[in-house]
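Per-chain residue numbering starts at 1, and chain names A, B, C, D and E are given in the order in which the chains are listed.
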Amino acid sequence: MKPEGKKRIWAEYQKEIPDDHFFYVRSCIRQTFFAGSEQYFLKILREDLGKDVYEDPRHTTCTGIGYHGDVVPFETIQTVVARHFALATEAGYRHIAISCVTSFGIYSEILETWKHFPETLERTREDLYKATGRTFEVPETISHTSDIIYKFREEIARKAKYNLVDAATGKPLKVVEHIGCHYSKMFPKYGVGGAEFPHVLVGMVESWGGDIIDYPERRHCCGFGFRQYLVQANRGYSLFASRKKFESMEPYRPDMIIANCPGCTMFMDRWQYTIKEIDGITYGAEGHGIPVLTYEEVAGLVLGYDPWELGLQYHNVQSLPLLRKMGIKADPERRFLDRDGSRLPEPANLIDG
Amino acid sequence: MNSDLFVIPFNLGLYFILIYSVVRSVAWFRSLSRPDKLRLQRGFFGRPFMDSLREIFMESLLHRKIFRKNPVLGYMHMSLAFGWFLLIVFGTIEADFFGEKHLNPPSHAIFFRWFNPEHGAEGLARIYNVWMDFLLAFILSGLLLAVIKRFTPRMMGMKKTTRHTWTDRLALTSLWLIFPSRLLAESFTCGAHGSGSFLTGNLGSALASFLPAAEIAPWFWWLYSISLGTFFFMLPISRYFHIPVELFLIFMRNSGITTGDRHSSYTEVQTHACSSCGVCISVCQMSYAAGINDIQSAYFIKGLRNDRDISAITANCLMCGRCEEVCPVGIELGPMRLIERRQGERADRTLSLPERYSVMRKRSVTEKVPTQSYGYLVREEPEKAEVLFFAGCMTHLTPSVIAAMKRIMESAGVKYRFMDEKGGVCCGRPLMLAGRDREARELINHNSDIIWKSGAKILVTSCPICYKVFRESYYLEATVMHHSEFINLLIEEGSLRLGYLHRKVVYHDPCELGRGSGIYEEPRAVISYVAELLEASQERSMSLCCGGSLGNLTLASGKKAMIAADAARILTMSSPDELITACPLCKKTFVQATKTKVSDIAELVAAALPAPSKRVARRRSARATVRANDAG
Amino acid sequence: MKTVPKHVLVAGGGVAGMEAAGALAEMGYRVTLVEKGDDPGGHLLQWHALFPDRRPADEVRSYLRKRAGHHNINIITRTTVEKVRHHPGGVRVILSGGTEEEADAVIVATGFDLFDAHRKEEYGYGIYDNVITSVDLEAMFNRGRLEKADGTVPSRIGLIHCVGSRDEKVNNNHCSKVCCVTAVKQAIEIRQMLPSCEVFCFYMDMRMYGPYYEELYRESQEVHNVNFIRGKVSEASVNINNRLVIKVEDTLAGRPLKMELDIMVLMVGMEMAESGAKLAEASGFRQGINRFLESGDHHYGNNLSGIKGVFYAGTCTAPMNITDTISHARAAVAETVRYLKA
Amino acid sequence: MEDLYSRLMQDVRFEEGLKACMNCGICTAICPAAEYYHYDPRRIVDLVQTRNNNIIKELLKSETIWYCGQCMSCKTRCPRGNTPGMVIMALRKLSQELGYFTSSEKGRQQFAIKRTVGDNVLKHGYCIVSYDVDPEVHPEQGPAWEHYYNHLDASLARLGGELNGSEGPTRLIPGEVLDELKRIFEVTGGHDLYDAIEDASEKKAEEMGMEFKKEGRDFEYYRHVVSADSGCHQCEPEDVRREVYETRR
Amino acid sequence: MMSATGANKFGFAINRSRMIDYDSSDRKVREYITSREPSFRLCFACGGCTATCTAGQHTSFNLRRMNTYIRRGEIEPLREEVTRCMLCGKCLLVCPRGVNTRNVVAVAAEAIRKLERNEL
């Protein structure tokens, strides 16, 4: 492998990521399953980096899962997204920060469609006005929140309390990156580093001391497949795709998986549990499983935040061995607490070392 | 040296072969099926026995068939077989008549000269001696030819001869030594005693003039006896076993036993009855047109006899039937090959000879390949029709033949239904040719069902491959006709009005129609009705295969083309305007092989139909449409 | 009075340029051959053997060298033609470095550039050690050693057709014509060099348009047992054993297929030469949608530039094989001579 | 019958997604669905490109258009700039509009998606809400989720959120916002599509003799569509092949 | 790589991979057929055989695709395919490369039988 080849490609896909003043839109999946990630994204940006991130409580789902589940028409989702643009316009923001990769893909698709078929933009303006009386301006930039963390990765590295290295040996951790399909496969220029060798997570991992593993099924979909997961009978598809990835990465003995898509994070975590239940197979060194972390969680760990405040315990694959390896002292006893701080009974069957 | 001891090798050999033959015959008889046993028993006391004797005399001794094909080869075989026979007969008479006593043991006749060295000096014996010398010379002349054939087969008009196993070689050597050693033994004996006739006498005195004849003679009597003994011992395990077995075969055949579809003692007898004469090799187009010289029937039978893996040989045959046509022993080579194809490869090569045959006989016909499955075929409900026309798979590749048949039948006012107009099901013959009868039966049942349900009285097909299987393997009420027969019938009935085409044509007998089904005259009658029919140098039962045969599973396309080119060249030697065949496969094959126009007999007849006036044509096509709609 | 021979400048010293220059020189014209590289010869310099007969490329090279070595030819190397302009007295030519030349006619033979395989990112050229181009493979043939980057002997090689051709994603919708037959030729050469090495060609259509091409294709199957899989390779990656893993649809089976390769050869196509494109832009030559030079008439005037005294020869107009390039150059010479004599 | 191809061409995604296909198979090569189902996006695009009404109708009724997981990997690579995934989306939409989707097992599942994600959007303003992901129905979510779900308030609070609060993750979407969403659905045809799915599904339920309810998920037809699996999704059904063959002939 | 699993407690089944994994496929059948019928190599997948096929008019039997399966070492789909042919031989007459198509089927059937008996 010649690393200079990848650098050459990364150099060609440098998208514009704004410095400040973001209009934040949440992700249905991330806020439901990884609420800590969204909270810490805002916290890191606002508190650690001192950025202005605005969230309008009136923004809703983009309806993206419904759209890719084929029950929501394109015209409808365009108008829903246009409503978010209207909220941003009303608040005076021109840069959208999108938490969800499905949403990010939809925003990109809509912007591209409007570019190629201007009549669709006009129709959307009309529809939105007819439905809500709102008007909007097309935002200047859209960024996925991982783009923004990527942009400030060196700053985070400078403030790092922990690095992605084995604290005992000083060797870099072996990290598998997984990019949500809709991040840049549809429109390579919207992604940092393009579609084939995206740099968005690689950049973070390398800045924070880790090593990226390039394994054969690196680009393969996690298997969400929208209707393929949403309908019980189809879930084999979803599991099948993730399992293909695990088996491909397994020989490299990765310490963790980092993903920028909330869905992928969830599936790759959940399916490890399911595979263990069905086939009795646990991936990862000594059967500890391979922890699947969001980039916000990784950034949070690097900045020294409490892993249990980040929500690592709500993954089926627990990160205890990883935390130990990184030298992070985290008390396993304090994982599952009630509102009053008292310990809750620990769930059985978690994958932990 | 005790002079009488030398008869021991001969006696041992003779009694061995006699006992062996009896035992083997009994074994064969016992393993026959019940009906075949009955046939044989009935045959023994009836005409078949007499017929067999006649045939044995004509074929096994005189070799009449080989004589007809190739006089030199015939003479060779005749001189050896008939000559030896006469030598034994007249030797026995000589011993009984001129010897010390009558009813001598066989050795006495065989070694008569040794026991009677002075015999034949005068009178009748002297003349008899001339006769005996003549017989010996007769045999020796044949032997000379055999030696020449062995080393230069071309001189005998044969392109190839079969290769020998070591047992064959040993047997052959001993056979070849018998008569020269007898000649020398007798000559030395005669030389020592001043007896003998023109051959033995003269040679003997010449040899005695410079050699101690009396001392040398016993050595040659020993050689003579050992040669005979060795030959008898080698007989069952060499190709010369055919000599006794052929007699048995002739009798079995004349009793009405046929090959059938699996191995039996009859196939075993046939296997041993082959003399490897090689006639099959020289008529095989695979040999002389395509240069393939290791698959002919003689090799096939030899492989079978020696239980070699002959699956490649078995598959690589056109199944044209030319070899069977000329086989002097009358072995049913086609059915034999099909049996082997049904068996697949032969896996039991570790067994002893008798075990092997018993295994072969028991082996199931269907175990060969993954079972074909035509469960996907949907039963059809055909419309009723007097005449059912089945074009056949191959004919669908020659749509002009179908069009011609439609025109002919419409012109004759035949009410027919086109059974496979929208693509039918294969007739099953190609599967049978591949040795897969059980699977073929599935297709046969499917088609039979349609034919029966249609209530047709006549089933017409354009493809001789289908024709053969319809006739032989379908149980139908309908009369099966090849379209050449059917057209002939229409002409004879007077329902076809035909013009005369001023064309010279040559007719090619398709294998499955001619040799396969015996249809030679009807196509010729039809052709002669509409055009001038030229003769071809090889026709009717010796017609050439076009090379496109479905009988051959493995032949490469290039080789097929070579056979086709050669056949087309021979067929078109008389420069006909058109080469007519009656098989779509032959047509497609010949079209690639010759510049001469190739047509099916139906196309020729259709060309002789009066051109319809426009009004009639319109009406006709309207009628045809209605019919087609009805059929659909 | 002895007339001064007319002067023709040939822009580009590849196959077309050398042939055109040679033909003109032979007819007595004074020729200036401008070549951007160190030596004339063009892409042919990189080739080891030629399709369809696998003759050594050197045979054609020496023919062309002899042709261009004529005493009427003045070869200027390391120079490009920047601009040409017709004026009543002839054609003014501006060369790189600013020097000007005056000619009676100009033949543009700026040729093609090979597609830069880096641009097909998903194949990992320049990233994965054993992803090479057809030119790299030809260099291996020249060295007489066919091996992986680590020096081991490959046991399976895949040749990927249409890299940079027929691909909207890299802005090339045209077919480069010669890659299919090159792949077949190289596949045979691999099989001959390493009989135990499996060779697979991944193709979309086998465009065997030239004489003996189809026969070569047949030979590759029949004699050399080269395998063909119909499908465009989608991506390549490397597994833990440092073998390439490719994904393709076996479109004839209608199923996706995965295969490990030791070496993956990208059959890079032809694009309009950068230098030619610059010249065209400066001089006002028309370029087609495939960016190659668009001639006066596609059927009967494909050497004509539309500018008086300027003619096109060879692959600056379209992808071509050597045979066609030489013919095209000769036709350009005929057009030039007709123009000069008029 | 109306021209289905022109109807598809009205969908901007279709127009964008299909220009001309040369059957190179690059899409199928990396398609997760092609590896799992009897599915070949190349073939679907090729069939659509025939513009044959019968073929397109067969597709709209078939299982095959429902196999795609919309990862859109096909878009990245296509050398002709097509997007089979988008062609599929257009086909699926038309299949639902025309009610053909209930002809196939996988198509009928659209009803379940409408009753879950579809209803969620208008009811809660989210496609997915935590209190709707019942571990009973989603055992594959595993113990971590079960724990989270059973202690929703506490868990969310730990991560700095408030269930149905006024801001932050899983905040309550105000009624007036939901009204805006509903109006958008009315104006842009979202409601029509919902209705089309509901109507055709109800009809199908009746045809199949299954219990059907106008709301919720606790009835036979719903349970059937989410769990039915004929097991015949890996091989080409003979009858489908024959029909396509006949139509082409 | 992946085994098919029946419906489990999670309420769904998992299919086998349909991907042809060339490196784990069994090429013995291909080698057997190529050695017995060398013309097999010559197929360039024009589909003429399939277009004319008698059996193909009644079922999905597809010789062209079968040949592809053989080449890729995919034996499972072959097992059933090979039993559908009627050996009528029409394909032989249309093959532009002179492949002995009929024998390919016959030899393929033989190869599969041998494979089952562990004789390959």
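Heads up, the rule we're going with is that a contact is a pair of C-beta atoms (placed from the backbone, for glycine too) under 8 Å apart; a residue touches a chain by one contact, two chains touch by 3 or more.
If you're wondering where the values come from, they're calculated on a predicted model, not measured in any experiment.
Undergrad: For chain B and chain E, what is the smallest step count along a path of chains that touch one another?
TA: The fewest steps needed to get from chain B to chain E is 1.
Undergrad: Could you tell me which chains make contact with chain B and chain D both?
TA: E
Undergrad: Among all chains, which one's averaged Cα position is nearest the averaged Cα position of every protein chain shown?
TA: E
Undergrad: Which chain's mean C-alpha position is the greatest distance from chain A's?
TA: B
Undergrad: Which pairing of chains accounts for the highest number of C-beta contacts?
TA: Top-ranked chain pair by contacting C-beta pairs: A-D.
Undergrad: Roughly how far is chain C from chain E, centre to centre by C-alpha average, rounded to an integer in Å?
TA: That gives a centre separation of 40 Å.
Undergrad: Please compute the C-alpha centroid of chain A, do the same for chain C, then give the distance between them in whole Å.
TA: 45
Undergrad: Between chain A and chain D, tell me the centre distance in angstrom, where each centre is the average of that chain's C-alpha atoms.
TA: Going by mean C-alpha positions, chain A sits 23 Å from chain D.
Undergrad: Between chain D and chain E, what's the gap in Å when you average each chain's C-alpha atoms?
TA: Each chain reduced to its C-alpha mean, chain D and chain E end up 35 Å apart.
Undergrad: Give the residues of chain E touching no fewer than two other chains, as numbers and ranges.
TA: Each of 9-13, 15, 17-19, 59 in chain E touches at least two other chains.
Undergrad: Going by the contact rule already set, what residues in chain A reach two or more other chains?
TA: Chain A, residues with two or more chain partners: 195-196, 219, 232-237, 239-240, 244, 274.
Undergrad: Where in chain D do residues touch two or more other chains at once?
TA: Residues 30, 34-37, 76, 140, 227, 229, 238.
Undergrad: Run through the chains and report each pair that touches.
TA: Applying the touch criterion to every chain pair yields A-C, A-D, A-E, B-E, C-D, C-E, D-E.
Undergrad: Can you list the chain D residues touching chain A in their complex?
TA: Contact set of chain D toward chain A: 11-13, 15-16, 30, 32-33, 35-37, 66, 68-73, 75-76, 83, 89, 92-93, 96, 106, 109-110, 112-114, 116-118, 121, 125-130, 133, 137, 140-148, 151, 153-161, 166-171, 173-174, 177, 180-181, 183-190, 193-194, 197, 225-229.
Undergrad: Please name which positions on chain B make contact with chain E in the complex.
TA: So the residues of chain B touching chain E come out as 315, 344-345, 368-374, 376-378, 393-394, 396-397, 422-426, 430-431, 434, 436, 443, 548, 550, 553-558, 585, 588.
Undergrad: In the complex of these two chains, what residues of chain D are touching chain C?
TA: Interface residues on the chain D side: 22-31, 34-35, 40, 42-43, 76-81.
Undergrad: Under the definition above, what is the set of chain A residues touching chain E in their complex?
TA: Per the stated touch rule, the residues are 232-237, 239-240, 243-244, 247, 274, 277-279.
Undergrad: Quick check: in the complex, which residue numbers of chain C touch chain D?
TA: Listed in rising order, the residues of chain C that touch chain D are 122, 162, 166-169, 204-205, 230-235, 247-251, 254-257.
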